[in-house]
Structures are given as structure tokens and as C-alpha cells.
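In the two complexes below, chain A is the common chain; its partner is chain B in one and chain C in the other.
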Partner chain A sequence: MIEKFFTEAVLVGIIASGIRLATPYLYASIGETFGQRSGVLNLGVEGQMLLGAFAAFYVSLTTGNLWFGLLAAMLTGLIMGLGMAFVSINLQAVQGISGIGFYLFGLGLSDLLFQKLMGTVVTVSGFRPIYFPVLSDLPIVGQIFFNHNILVYGAYAMVFVAWFVLNKTTLGLKIKAVGESPEAADSLGVSVSKIRYLTISFGGMMSGIAGASLSIALLNVFQQNMTSGLGFIAVALVYFGGWRPIAVMGGALLFSMVNSLQLWVQVLNIPIPSDFAVMMPYVLTIIALVVTVQRVRPPSALTKPFERGH
Partner chain B sequence: MEKWLRSESVSKLADALLPVFAALAALAVGALMLLVLGANPFEAFGALLDGAFGSANSLADTVVKATPLLLIGLGICISFRGNVINIGGEGQMIIGALLATALGLAFPDWPGIVMIPLAMLAGFVGGAFWGGIPGALKAYFNVNEILSTIMMNAIAVQLMNFLLSGPMIDPVQAAKASQIPQTARLSTSFDLPRLIPTRLHLGAGIAVLLAILVYILLWRTTIGYRIRAVGQNRFASRYAGIDVKRQIVLALLLSGAFAGLAGAIQVFGINHRMITDGSATGFTGNAGFNGIVAALFGQLNPIGTIPAAFFFGALLVGANKLQRVMQVPSALITTINGLVVVFVVSSEKWRKTREQKRLTDMMAEIDGDPPPNPEKAVKEVGS
Partner chain C sequence: MKKIQKTLAMLLLVVLMISACGGAENEATVVEVPADIFKVAVVMPSAINDLAFSQSMYDALLAIQADTGADSFEIVYSEGMFIVDDAAAAIRDYASQGFDLVIAHGSQYGSSLQEIAPDFLETSFAWGTTVDTFGLPNIFAYEARAEEGGYVNGVMATMLSESAVIGVVGPIETGDAKLYVDGFAVGAAATDAGTEVNTNWIGSFSDVALASEAAQTHIGAGADVLTGTAQMVVGAIGAAEENGALWFGTQSSQSSLAPSIVVANQVYRWEVVLEDMIDLIHGGTYGGQSFEITLANGGLVIEFNGDYALPADVQSAADATIAGIIDGSISVFP
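Moving on to the complex of A and B:
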């Protein structure tokens, strides 16, 4: 049985789908990294993703244009992000709990709109894999790296953009300062609110794209609660990656590889109960959290609202 | 008149009513959404009220629906008071239900009077165990409990799916080709006593009784005092000699226990067997999250959580009628619940500011020298 795994086709398949499946995690967790680096925990990622997934799907379906769909998802995520920013920054609500509120809101609203506007599950023809001359035809390498759609490549590109912005720009410096010591940043003339508004609404937009990557690029359907916890895992991946984009990507890849392994276990009918296979990534996440927190310290001001003169 | 408006009791009353205002605001947004959906909000809320309170049966259903919300809400009161955020109600409810069901299936011949309390205890223990793990991870390994409890939810669901389609499957189903993942029906002698002819069962009574006990636990015992002290200020508590880590574990353990009990009551009072559609919601009906909403609405006070759970139970039951009569998906209620959470936590700051102000006013009165600028005084006390 187990030897079925060690064929070239299966191994290549696992790695290729692992790379592809990391996409929604990457968008969501990179967006979340910015928010947390600036000191705000956005736990509403799941809700933002669901609404983004719905917006992308519905707009693509009605206009026939995937790019409009993507734009709609970005806008939806942005609006949700602005809501979270307002509640966390201006109203100073407890972030862990307000995020759950936004999650329930997104869960309910995406379901409501789905039932009212569509009613049944239909499919769209989503983003197609890009064909690279020569490269895509290479054996193994071609299938692993050069056979994905644009949103997959976009996700990995965003990791490096995030790394660059956080480590090599003044903006990144300001974001980190606001997350570590908002008082000091404020006294140096950095507007804590502005930076946080920027990072959280950006995070919301990225969550929207993460949702879109599911509904119009990977699965090409919309269903109620289709993210089923993916947004929460994305938040966990930020902790796992120690708030650094490249490490977050490592975590996302590890997670999606395990996931893809699990899918192949089911496809190949290997006698491991599939429930345990599905469970594996979550157990892994808990273990990973235990290991990471021993060596990385979260941003000092994480979840702490900032008020001038305190 | 003005003096009356400014008086302390009125100001306190206004603060106590804040969640009600938050709920009204959420319902107003809900009304707007109904308008957009092309439904008359008045008719819709009418249908909702009728569905929730229209007959003895619907009223009983409301109470039945409110029971797990209250139980989980009680657990949330304990953990949130200890500044530990338990999002794992769904998983804890499942594990509690699994353990209680396994016990019931293993000893079908025991008399109900013995089995029912033991099964409730099994639910309590199962939930406590599932909550205790993230508690220990937080206390001793500093793992964020929000994330670990969410992961524990996903693990619990898979465990349920595995058990119900394998070791615990109904022998009848196991013999059939369909193999619906469900357990056999528990012995009828284990059914929680009911108020015939409705679905109202003993569980609601247990939950209300426990609400009073949790109130006593939190405000009249040292255990509760310690949990709340740690919730207020971890560092000060440590200096005061409280074992902070132990309180963190205890808070999550107890919080999980109540969710587990809710699971056991759900099985022994309503379903009489466990069945899974593959998701957590299929069994819990989202009670793990809605219980948080109820507890927040009850201002994290066990007694206040009683009417809060009743209110959200009514919303859930009424939503079914809303769907039947007006074709408005019941997902509207999830949306409104989300808004209630956001509005309640958003209004907290306002309440705190006013509490601060009352404190300053009081101190000024004692000094007999009112501060020239109350705003400034508030700031000073606050900082």
C-alpha cells in the first residue's frame, strides 16, 4: 500500500498541489502579519475571506470577468478591514472578541447572500494555469513550478513584497515601531492610528484576495462556510512564522504540503482513517505553536489599544 | 431634572442597558438588510416573534435552544473573567457529548436515575479535558489560547467523525450499505425527563441552577476571587501570592466543562443519539460561538446570561419561522449575532470611561473640593 506513495507521479503531484494549496493561507497570513506587526490582532480573517470568496465568485459569475471578481473581493475585504480598524483603533474594543464578531458577521452574510442571490452551487471557470514556453513542458520541474494560475504566483510575490516593505523601507520601520512601542513611535511623530488603519485595511484586502483565490482560482465554486477554519489557521501561521514573512511562508508551505499529502492518502485509498489524516494539520499547528513561542516574542503592543497621553 | 439625569444610579442603569442598545442597533442593521432583501422588516420580526413565542411548543423550543447557549455562556463568564479567551466551545461540547454517549451506549441496562447523572458528569469531564489541554498549553508553554482552542475544535470534529463512522457506529448502520455515521439510539430510560407534550426537558432547569452556582463561585468563593484577580491583573496577582498558572488552567478547564455538559444535555435531552454531517455545526448548531455572544450580552455575569441566552435562543428558533414564512435565510441571525458582538465590545470603552468618571466624582465629593476640570481628572485617574 504505502509504496504507492513513492512513485514519481504521486510525489510530484503532492508537491505541486502543496504549492498551489498554500495560496489562500499566504494571502491571509501575510496580510495578518502586517496587522499584528503594528499591534492589532485581527481574528476576523475567516469572515473577511468568506465575504471575499463570495464577492469574487458572484461578480465573476454575473460579469464573466474574473478580474472584476478579484477587484470585488479586494474591495469587500478592504471594507471589512476598515470596520475592524475602526472598532479596534477608535473604539478600542477587545480584539480577540471583536474579531469573532466579524467572523460571525461574514459567515452569516456570505451565507445569506449566497442563498438569496444564487441558491444552488454552480461553478465558474476560474483562473487558468499560465503556460510558460519551454519551462512548463520541463519534466517534474515544469509541473511543480510552472503550471499554476496567476493568483498562486501572486501569493508568493506578496511574501517577498512583505519582506521588503517590513525590512527595507521606512514604512516597515514605522509599522514595527508602532507594534513594539506605540508611545515612542507617537513621540517621534508617527501616527499610530494611521499606520494601524493602513495595516488592518491592507490585511482585510489580502483576506479578500485569499477568499477569491479559493472561489475563482482553486476550487471554482462557492459554498456556505467554504473556508471551514482556513482563516483561523492563517492567523495561527503568523504566530508560527514568528511574525516574519519568509518564515510565515515556510509554515504555510508545511501546512499545505501536509494537507496535500492528506488528500493523496484519501485518493490512493491508503488505509489510514481519513479523519485522522484531516486532523493531522491541526495537531501539527498546535505542536508548531508550542515550539515557536519558546523562541520568538510577539510584538510588545499586540492586542493593546493605544491612547495618547497614557 | 438635570441633576436626576446625572445621578449615579441613572448613569449605572444606562451602562447596564448598554448591551440592550447594542442589540437594538444590530437588529436595526438587520432590519435594513431585510429591506434590501425585499422583505418588510415589521412582518419579518413579527414572524420571528411568533416563531419564538407563538405557542407553548415554540416557547419550549426557545428554552431548549437557549439551554446550550446558557451553559456555554456560563463557561465563557468564567474564562473571560479570568482574561482567558475560550473559542473552543464547539470542540468541548462535542467531546463532552461523545464521552457521555459512549457511557450510555456501554451500559444500556443501568437505571436512568444512575446513568443520567453519570452521563452529565462524563460530559462535564470530557469538556474539562478538552478545555484543560489549551489551558495547560497557555499556562506552561505560553501558547495563545485563542488559536489552540480553535485548533482543538477542528480536532474534535474529526474525532467525532471517526468515532461515529467506526467504533461507535450504530450496528444497524454498520450492516447497511448506507453507513450513516451515527450511534445507536440511547436507551429510552436515559431520556432526560420532559415536560410533556413539548420538547422542554430537565436540561434547562439544570442550566439555570448552575447559573446561580457559577455566580456564587465567581463572587462568593476564593476560587472565583482568584480567577477574577488573575483576569484583572496577572502581575499583581502573582505578587499577592496567587498561583497564576493554576488559575489559567482552572479557568479553561471549567469553561470547557460547561460546554461539555451542554453537549451531554444536547444528546440525552434532544437527539438521544449522536449523528454527524461532517461539520461541527451539524451537532452544535454553532452554540460554541453563540454562547460567547450570550455571555457578552449578559455582561459576563452568570445571572445576566440567563435572559441573554433566552433572547438568542428566541432569535434562533424564530429564524426558522422567518425562513419558512418569508424565505429569509436563517443565516440572517448569524449575521446579527456577529454585529451584536462587535457592538457590545465596541461600547465597552464608553462604559469604562463613565465608570472612571463616577469614581472621580465620588472622590471629589469625599475631598469636598470638586476638580475644576472633570475631563482632565478622568485622564489623570485613568493614566
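Moving on to the complex of A and C:
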């Protein structure tokens, strides 16, 4: 039975599909990593993704230019991020609750705009897989690594950019200082508000791109609530990865590949009930999360509003 | 200062919440209407334009309204009610507003309806897809014999598949989705026992991304014809189109989404049973009966996509299969 898995088509399918499926998680969770490292939990990721997905889709559809669509998603996410920053920094609202508020706002508004501006489900011609001369034609490796669209590659590139910024730059040091001890950072002249505004709005922008990666690159369609909880999984992946970009990528790839594996389990008619198969990625994530949580400590100031002099 | 900030935060949250309700057309305020208007409220799990389950009901109500006139048939709907608690609140709300018929369009709403209906014995409720009225006098049940169209689609898909591998993308193994998928597999096996029908239940009615990935998995496994049911299949149709695989739809017409690859759709015409229910309500019967849409009663229709050039032999096989199911010479589940 298990030997069915060890064929080229299945293994290539699982890995290539896992790489592709991880894309929206990567954008959203890398953005969220920045916010959380600076001490702000944004549970509105899903809403930002939905609005980003709609903006990208609608602008691409009306202008015929996918790059304008991507830009619209980034701007939409950025505005949502600025809103979240205002609520959590200036108004010092409870972050978990306000994040849920932003999620519901994104869910409702994206649907409303979809109903009013489009009215029915249509498709766009999204970003196509890039052809790399020679490389794309390689057996196995070509299919796994060199047959994806630009937003897939962008997601993995952002992981390394995030790692570099957080670990090798002064800005990264400031972000971590603000997330660990905002009082100490403040006393050394680092503006806690400015850093948090920067990270949350960047996170919003990344969530917008995550939405765009679905609507104009992977699926090329917009539908009400199309993210279907993906944004919340992205937040969980930040914890899973212990607030470190490379580990977050590992978590996203693991989750996506197990998801892809369970699709193959069913297609290969392996006698596991479908209910158990679809549970696989979630069960594995919970187990890994339990193990990780005992190993890594979250940023000390996470979810705590900062007020000078208090 | 802190107090002002907290008040502002609360206000902002309230505004956000109100905006969030914008998507669901929950028109709670209903204007005074003359008594002879028949008022129907429907609560649906997805959007009225999902090209699938919810749209099938909305289109049916619009068809009745077109027949009877907007002056005598009022439709109010709450869409996107994927949270059962929210749906239950909407159902109770509509019932308390005196609607003649409140439709809970989703089998997941059953237990809520069982709780709510006894409190409003003068209101008629309908829910589906199911045959269970809970023995209550004011609940109608409705079901789609989706296996019939599934069988017809299975026959055509098998004849059109060159690789003899067909992929099916389903949501959760229950209700009309299961009936459709099972019927499809029986139809395929009856046409060519050697054709492989692989089914993928993705565990969600809304995960478009996973539906797309499931379709790509089928294609990776050699499938050149795909089908699927529920609203998340728009993702699968996109993947099929990108890879040049053919698609068979169900619930609503999906031809507009990918005209070059959609061969045919089994379309639900709920108006066939809704009209019966409305007649009963006018006669003073508020529930206690179950209905089904079939190929024979015209509640299920196989709609061929005019943009796809269906070979004549496949068309005649489909026509013969439909006729056979209607006259009883073909039994999908003997």
C-alpha cells in the first residue's frame, strides 16, 4: 500500500504542491512575525488578506494589469495595517479583540464590494509560472522548483529578507528590543510607537500580498470568504516557528506538504477515512506547536500596550 | 485622557462591527406590507452568487417571483451564514417578523431549526438537503436526488476521458454532495468498468485553495476529466481550465466560469418543490412533509454548455441515460 507513494509523480506532486500551498501562509506569517516581534498581536490577518485578495482581483480585472492589482492589494493591506496600528498603539485597545474586529471588517467589506462591484464569480488570467531556460526542463527538480509563478518565489525571498532584517540590521535590533522591553528601548531613544507602526503596517501589506497570491496567482478567482481560515493558520504558524522567519517557513512547508500528502492519500485510494486524512495537517501542527511552545519563549511585551511613564 | 482613548477604541470597534455586517444582506427591518404578499426568508451558508448550492436556491426564488410578480412574492435573504449560531439568530429573527416561509438552506442548520420551529407554530420552515422533518408540523424537508445527475455526468465523463482517469473534488462526505459523487462513480463504472474514478473529500465547503490543489493532484494522477460539488469548486474549475481538463458541474450552472472546458451541469430547480410547499401553506399545512427534486419531476435538469462541442455519441448516450432514469429503466442505486 505504502509503495504507492514512492513514485516520481506522487513525490514530485506532494513537494511541488506543498511549495505552492505554502505561499499565502508565508507572506501572512512573515508579516505577522514582524508585528509580534515588536509586541503587537494582529488577529486581523484574515480580514486583511480578504480585502487584499479582492483589491488585487478587482483592479486586475478592470485594468488588465496584474501588477496594478498587486499594488492595490499592498495598499489595501497597508491601510488596514495602519488602522490596526492606530487602534492598538494610539488607542491602546486590547489587541486580540480589535484584531477580530478588523477580521470581521475585512470579511464583510470584501463581500460587500464583491456583491456590489462584480455580482458573480468570474476569473482573471493571473500570474503564470515562470519559465527558466534549461532549469524548468530538468526532470524532477524542474517540476518541483522551477515551475511556479513570481509570487511563489517572492514569498520565499521574503523569508530570507525578514531573517536578514531581524538578525543583521539595527532596525531588527530595535524591533526586537521594542518587543522584549519597550521601556528599555524607549529610554535608549527608540520610538516604540514608530517601530510598532512600521511593523504592523508592513504586516498588513504582507497580508494584502498573501490575499493577492490567492486571487491573482494561485486561484485566479475571488469568492466570498475565500481565505477560509488561512489567516488564522498563518498566525498559528508564527508561534509554531517560534517568531523566527526560517522556522516559520519550515512550519508553513510542513503544514502545506502534509495537506498535499492527505490529498494524495485519497487519490491513491489508500483506505484511510477522508475525515482522518483532512485532520492530518492540523493534528501534526498541534503536536508540533505543543513541542515548540515548551522550547521557545514569546516576545515579553507581546499584546502589552506601551505607555510612556507607566 | 486614557478614558477618552478607551471610549474612542470602543466606538471604532462598534463601527468596524457594523461595517462587517455589510456583506450579509440581513434586512432585519421589513416595511409594512399588505397581507396578500407571500413573504419568504432564506438563510444560506454562502453567497447568492456562489455558482453552486446557495445560488441554486436564490435562482429558484427569483424564478417564482418572476412568475408571480414582485408585488405578491417578497424575498429576503441572509447569505454567508457559515457560522451556525449566526444563522440560528437570523432564522429566529425572520420567524418572529412573521414571514410565511423561512428556509434554512443547509443541513448544518437542522438542530437549530428543531429548537426554533416549535416556538413559531404559525410559521412554516423548510430545510435541506434532508428528508427529516423532525416530526414537527411546521417543518418541510427537501432533498436533491443528486445521484441522478451524477450518474448522467459520470456516463459522459467516462466517454470523454482519454486517460481513463477521472478526478472528483468533494467537500464533506455527506448530503447531496455524497449522493452526487456516489452516483457519478456508478455512472462511470456502468459505462466502462476500467475507468478509474478518484475522489478527494477536502473537508471544507469554502476552502477554494485546497479545492484547487485537490484538482491539481487529480491532474497529477493522470485525470483529464474532473467534477466536483459545493461552492469551493470554483478553485478546482480554475485548475482544470489551466491544465486543459474537462469539467462537469452540479447544483448551479458553472459554464460561465470556464466556457471552454465545462461540458454540462446538473442544475437544481428548487422552484419545483417550493411551489408545492407554498400551495400547502396557502391550504393551511405548514410542514410535516418532505420533498425531493429529480430528473423526472423537472427539479433536476442537465444543462449542456453550448460553447462546448459535445460529440454526438456522447450527447445521445446522455439523452438515453436521462430518459432511462426518468422511466425507471436505469436505477442509480439498485
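The rule we apply is simple: the second predicted complex is superposed on the first by the 300 of 310 C-alpha atoms of A that agree within 3 Å, B and C clash if a C-alpha of one lies under 4 Å from a C-alpha of the other, contacts with A are read in each partner's own complex, and residues count from 1 in each chain.
Operating definition for what follows: a contact is a pair of C-beta atoms (placed from the backbone, for glycine too) under 8 Å apart; a residue touches a chain by one contact, two chains touch by 3 or more.
Nothing here was measured: the structure is a model prediction, and the numbers come from that model.
Using the contact criterion defined above for the overlaid structures, shared-chain residue A:269 touches chain C, although it does not reach chain B.
Of the two partner chains placed by superposition, chain B and chain C are both touched by A:228. In the superposition on chain A, A:289 makes contact with chain B only, not with chain C. When the shared chain is aligned, no partner comes close enough to touch A:39: not chain B, not chain C. Of the two partner chains, chain C is the only one touched by A:123; chain B is not. Under the contact criterion defined above, the residues of chain A that touch both chain B in one complex and chain C in the other are 87, 91-93, 97-98, 101-102, 104-105, 107-109, 111-112, 115, 224-225, 228-229, 275, 278-279. Of all residues in chain B, only 33, 37, 85, 87, 137, 141-144, 146-148, 150-155, 158-159, 161-162, 165-166, 279, 281, 289, 292-293, 296, 329, 331-343, 345-349, 379, 382-383 touch chain A in the complex they form. For chain C in complex with chain A, the touching residues are 2, 5-6, 8-9, 12-13, 16-17, 19-25, 46-47, 49-51, 79-80, 82, 167, 173, 198-204, 206-210, 212-214, 216-218, 220-221, 231-232, 234-235, 238, 241-242, 256-258. Listed in rising order, the residues of chain A touching chain B in the complex are 43, 47, 83, 87, 91-94, 96-98, 100-109, 111-112, 115-116, 224-225, 228-229, 232-233, 235-236, 239, 273, 275-276, 278-279, 282-283, 285-286, 289-290, 293-294, 309-310. On chain A, the positions that touch chain C within their shared complex are 9-10, 12-13, 17, 20-21, 24, 87, 90-93, 97-98, 101-102, 104-105, 107-112, 114-115, 119-123, 214, 218-221, 223-226, 228-230, 259-260, 263-264, 266-269, 274-275, 277-279.
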